[in-house]
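Look for chain A in each of the two complexes below; its partner is chain B in the first and chain C in the second.
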Partner chain A sequence: MMVLERWLIELLLNFVAREEINAFLRSPQHTATIIGCLIAVSGALLGTFLLLRGMALTSDAISHTVLLGIVVAFLLMTDVFGMAGDTSSPWLILGASLAGVGTVVLTELLYRSGLLRQDAALGLAFPLLFAIAVILVSRFAEDVHLDEDAVLVGEIGLAWANTNSHCFDNCVTVTINPDHPQAKMARQCRNCRELGISPRDEGAEFVEICSNCGSYSPAQAWQAGYLQEEPVLVFFPKSITVTLIMTALSLLFVLVFYKELKLTTFDSALAKALGFRPGVMNYALMILVSLVAVGAFDAVGSILVIAFFIIPPAAAYLLSDRLAIMLLLGPLIGAGGAFFGYDLARGKFFGIIEVGDIIAGVNSISGLDLLETWDSSISASMVLMIFSIFTLAWVFSPRYGLISTMIRRASQSRRFDDQVVLAHIHNHQFTDRHSTELRVETLHIHFRWTAPKMGRVLARLRALGFVAVVDGFAELTERGETQVHAFRSAMLEAHNMPDID
Partner chain B sequence: MNDRVPLALSVEDLTVAYHSKPAIWDIDLGVPEGVLMAIVGPNGAGKSTLIKAVLNLIPRAAGTVSFYGSPYEQARSLVGYVPQRGSVDWDFPTSVLDVVTMGLYGKLGWLRRPGRRERDLALFALNQVGLLDLVDRQISQLSGGQQQRTFLARALVQDAQIYFMDEPFAAVDAITERAIVKILHQLKERGKTVLVVHHDLQTVEDYFDWVTLLNVEVVASGPAAEVFTSGNLQKTYGGRVSYLHDGQVLAAGD
Partner chain C sequence: MKLKSMSAEDKRVWLAIAGIVVLGICFLPIGQWLFGIRYTYTVRVVALGGSILGVISGALGCFAVLRRESLMGDALSHAALPGVAVAFLLAGRDLGVLLIGAGIASWIALRFISALLGTTRLKQDAAMGIVLASWFAGGIALLAYIQSIPDASQAGLDRFIFGQAAAIIESDVLLISGVGAAVLLTLALFWKEFKLVTFDMGFAGANGFQVGLINTLLSTLIVIAIVLGLQLAGVILMVGMLIAPGIAARQWTQKLNHMVILAAVFGAFAGGVGAVISAIDADIPTGPMIIVVAFSLVLASITLAPGRGLLWSSWRRRLDSRRFARQNALRDLYRYVLSHGSPGTPVPDAFIRGIGDRSAALGLAQLLSAGLVELTGDSWRLTDTGIEAARRDAHSLQLWDLYRLYADDLDLPLLGEDRHLDIRDVLPADAIGQLEAMTEQRPN
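So, the complex of A and B:
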């Protein structure tokens, strides 16, 4: 990880000055937005396939059970192997991905028993694993920062503060030992507690203790004032690196296995018959989902990460009917939501409307005394913005949106009304019931329609030149006659092509 | 069986069980090369199960299957498969051409992408099934018959020796039915072997020259003229088939 960060920084240093990098990354907004966008991109890439496989809820399950992997790996590291408990260690990530795969395996086993449905099996497996994780956290790992808050919404706003320092010049590592001139030595009573006496009492024995001994990285040494010359440092937030790796892996996976993912998702039976391994692809996808879930865990928590997996692909699905375009739009929508989400958390809606102004407006109208400053959870605001974009797609999508669907249905129902009336006239024209059935004034009664509705339909048909009114009776024109024959034969053909879906 | 023609498919003692209830039971089947075979039987007789077990898509409880003498793993490129139309999600965001190209993925193998050659092959197959106008159509906008023809084109590009089709005639329009029959005969002329799960007893003798009657066990299998008799149909369907006086099948109950 350090190597990757260093390589990345060296790349950046070709274009921008060191001070600018530090200033940029020290801004909570920049770091949070970068992390949010990276999570959104990796989530949407994998989420597209989850959505198309009907496995949206599997991401929910996995994002919870990775906690078990994290906790177990953490306990193994600290208690069994005696390592330092670092929450961004690769061992935790390994543990998390194993837990993700474990969830899928357990679900499969329960389902294969034939006693449970798939959704029930999933709903049973993940609370079990999550509950074990919660018990382990509360029993053994209380001092770790795996608290409820982190699990719920994460700490993306603080990500800027948790950095690795990289030194590029004047890099001096300082080791302070008791002989060092700057060593802070203090006397400490060795037997006071044992004998229950005060250090001032007689018989107290003292030892020399060094309070600042140890080895200092260049950054730590400079901060502690052990260096004359300031080392050239760049501070890089750890979460950016983690989410960057996740995004790169997801992107690589989708690019390299695009064909295989598409085939196994669309038709797993054919994939199997052709010698591809749908099971292997499925588990590879689940491992990556677990990796992204654990990478996002610190930043957005295990519950909100589902939104990054599912909502952007769902919006993209409404906007496109090609998989490749969906895979392009999903990450864009997610990243856009993450970008504007930070603004929303700080009180700006799409960078144009101030939420504070709206609240002030509400206050002045209603006389309520609501707090006018708006400062809310960043990750939750990001999800809200992603959802806003989804809503826009849902309402306004040119082909599958609410409005275009309504317009299409309305025009279909208008066309249907037209056809019913045309067929009625066609059937009764030139028959002896013609005088009762086709009188314009009473025509609506035969259909049990309201008079205005019949009036509208007749007006439309007359405007189209399909129907003429002669002596108060409706009759078909030549064009109307052709029209009736056209839709009748179309209807008969449709009957020969039944759709059983 | 016939000694001059090699067996395209040979099934021995094949049994498949769902929760220890046999779906197909001790199937022995020899299919000579170059026949058009209908697999006929009542609902729940295990017709689809037979195909899936032969193609290793579901676990076998017992038995062996060989294609031209080789097990399936070594004969993949010889086999083409047309699953039931309802087995996939037709709202999947993809085009007709793309679905047909999927038939070539097996030959491409892992990681290699379809290119111009694959596109041309897919277009050729789409022309054969009469869908050349709908190449770029989103698959959810196809009628049932067009969906079936898309699947058929996907199998054609595989250029297999032996084809398995699971109910290709189910709920399709007359145009599609004629198109499928035409293609079946073209395949036969090119020496291919085709096995079709079929429901419409009235058309069996017109469309196929070989028949397997199945009801969990094989009731009879062989040339249509010898096997497709009222006696065998009674055995397959129980008493639920009625006949016209000239022996023509009127209706088969489920």
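So, the complex of A and C:
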């Protein structure tokens, strides 16, 4: 990971100065937005396939169980192997992802036992594994940063502070041993605790210990003041690296296996018949979903991450019928949500509306006295923004949106009204019932419509030039006649019937 | 009720109830001895509250399980969080108000999911995922905002996330009992309607029931059960509290009324015991503890339940495979001796074992101990009783063949064809007589 970061920084240094990189990444907003966008992109890419396969809630399963994997791996690392607890360690990510995939397998087994249904198996397995994880966290991992809050919402706002340092010049690593001139030595009572005596008592034995011995990386050494000359340092947030790798993997997976994914998603039987292995594709997808869920854990916690998997693809699904376009739109929507999400957490909705003003409005209406500065969770705000974009897509989508559906239905019902009236006139004109059926004042009775509605439809038909009113009777014009024949033959053709006219 | 007059079904249910009550009673001294629980006033209140909540969510959860809406419970419980926060902001920290807020938020989520399903082509899982994540994010964002308010005593809202039994006080228990009684009463009043829409919605609609209305009422009751349970189990884990008792109860019975009663008892156990264990130490969050207890009940039921459980079915499979092995060995021997002359012909051991290896050995051992065969040197010989048994079996197979051919013509009762059974045990005597008449018509 360090190598990758270094390579990336060297690439960046070709374009911008070192100080600019540091200043840019030291801003919580920049780092949080980058991480949010990366999670959104990888989540949306994979989530598209989950959504189309009807497995959206599998991401819920995985994200819940990944927590248990992380906690167990974390505790193993710190307590058993004595390593430093670090949630971005590759070992931890790997172990936790396996746990995620393992649970998908387990749920499947549970449900194949035939004793409970799939939804029940899922609904039972996640809470259980999540519950065990929470008990472990609160019992054993109290001192570490794995607390319940981090589990819920992550720490995307603090991601900028958790960095790896990369040194490019003046790189001196400092090792301080007891002989070093800057070693800080202190006397400590060796046997006070076991004998229960105070250091002033007789019999207390002392040892000299060194409080600052150890080796220091250039960045640490500079910070501690052991160096005369400032090393050339670039600080790179660890979470960006992790999420970047996840995004690259997801993108690579989707690009390389695009054809296989498409085929197994839409027609798994055909895929099997053609010699592909839908099962293998399925598990590969699950592994990647687990990896992304683990990688995102630090930033957005283990519950909110499912929003990044489900909502952007769902919005894209309402906007397009083409898989390739969905795969473009989903990441864009997710990234857009992540981008505006930071602003929302700081009180600006879509960069226009001030949340503080809304609260002020609520205060003035209700007489409450709520705090008017809105300062909230970044990851939750990102999810809310993604949801807002989804809602916009739902309302305004050109084909499937609420508004376009409403307009389409209205125009369909108008056309139906027109055709009914035209057909009525066509059937009755030049017959002997013509005088009862086609009198304009009583025409609405034959359709069981109200007189005003009849008036509207008739006015429209007259304006279109289909119908004329002669001596208080409705009759078809030549255009109207053609129109009737046109839709009649279209209808007969649609029902495979011969035209008798 | 006399034990003899009860069906096997009833016995199972009473067995489960008795088991759980004994477990509950045993837990009290064991808990005291093992964990050092002191049954102070607080712990008693907490246990009572937990049990009552368990009864309500267990009973209502059955319907969620049977309607395949377990995950809907998950979505609705996550969705309650913003309601709690908004209610707190608008009206303060009174429990009743917070719960009403939670209920409204869940209910809006429910309608939102229906709207998404009704107006878009999204499937149910996607719609639930969208609502679950967004509502939860809204709740988290509001809680973070509340936390940023200086000197607002927001302490206590966190308990809705993971549940906190220790926070339950006597007035809460009264509130829970009151609402819970109303919920259970409604359940009893609309029992027939709920049962009907749960099992056959189309039939209910065709018979003129207001399916939409009944569904909404049932969903609303489930929402109320979820909301009441929140302070015990928390929004994330409430789904486990809701469905685990129902799933466990389902293993013991096929009847809805039994299932609901049993689920209520299981729920009471999980809620009570879980709450007491977590009250030992402030570090143990209640919700997770209750889920672990409830899941243990599910695990026990899946393994132990008579008739359906894993132990039971593996035992039955074992018995079946023994029976099949014996029968197959007998048939193989008989087929061999018929094709090699008289029924007394010895059958080489290598031949018979070559056919069915392990299961042949199992079958032969049973035949030997029943005295149907004898082993001389390395060949097997059918004894007289053995020959008799083999003939009866062959005759039964012949009758099965005839049954397959003529069951329709003779208008015989409909059976699943199981050739490992003696047909004379499964068909009534007059039907056997008709089949026997057919054998005489077609000598073979």
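Everything below uses one rule, namely that the second predicted complex is superposed on the first by the 460 of 501 C-alpha atoms of A that agree within 3 Å, B and C clash if a C-alpha of one lies under 4 Å from a C-alpha of the other, contacts with A are read in each partner's own complex, and residues count from 1 in each chain.
The rule is short, and it goes like this: a contact is a pair of C-beta atoms (placed from the backbone, for glycine too) under 8 Å apart; a residue touches a chain by one contact, two chains touch by 3 or more.
Not measured: the values here are computed from a predicted model.
Chain A is touched at more residues by one of its partners, and among chain B and chain C that partner is C. When both complexes are overlaid on chain A, the residue A:Val383 reaches chain C alone and has no touch with chain B.
Of the two partner chains placed by the overlay, neither chain B nor chain C lies in contact with A:Met246.
Applying the stated contact rule after C-alpha superposition, one finds that A:Met55 touches chain C and leaves chain B untouched.
Using the contact criterion defined above for the overlaid structures, shared-chain residue A:Leu323 touches chain B, although it does not reach chain C. Contact with chain B, but none with chain C, is seen for A:Leu270 once the two complexes are overlaid on the shared chain. Look at A:Ala307: by the touch rule set out above, it reaches chain C but stays clear of chain B.
Applying the stated contact rule after C-alpha superposition, one finds that A:Ala293 touches neither chain B nor chain C. Overlaid on A, the two complexes show chain B and chain C touching the same residues of chain A, namely 54, 317.
If you check the complex, the residues on chain B that touch chain A are 19, 52, 55-57, 73, 76, 79, 81, 83, 86-90, 92-95, 98-99, 102-103, 105-106, 108, 110-114, 138, 140, 143-145, 154, 170-174.
Of all residues in chain C, only 65, 68-71, 73-74, 78, 89-90, 116, 119-123, 125-126, 128-130, 132-134, 136-138, 140-145, 148-150, 152, 161-162, 236-237, 239-240, 243-244, 247, 250-251, 283-285, 287-289, 291-292, 295, 298, 302, 308-310 touch chain A in the complex they form. For chain A in complex with chain C, the residues that touch the partner chain are 51, 54-57, 59-60, 113, 115-117, 119-120, 122-124, 126-128, 130-132, 134-135, 138-139, 142, 148, 152-153, 303-304, 306-307, 309-311, 314, 317-318, 345, 366, 368, 370-371, 373-377, 379-381, 383-384, 387, 390, 394, 400, 402, 405. Within the complex formed with chain B, the residues of chain A that make contact are 52, 54, 114, 256-260, 262-263, 265-267, 269-276, 317, 320-323, 325-326, 493, 496-501.
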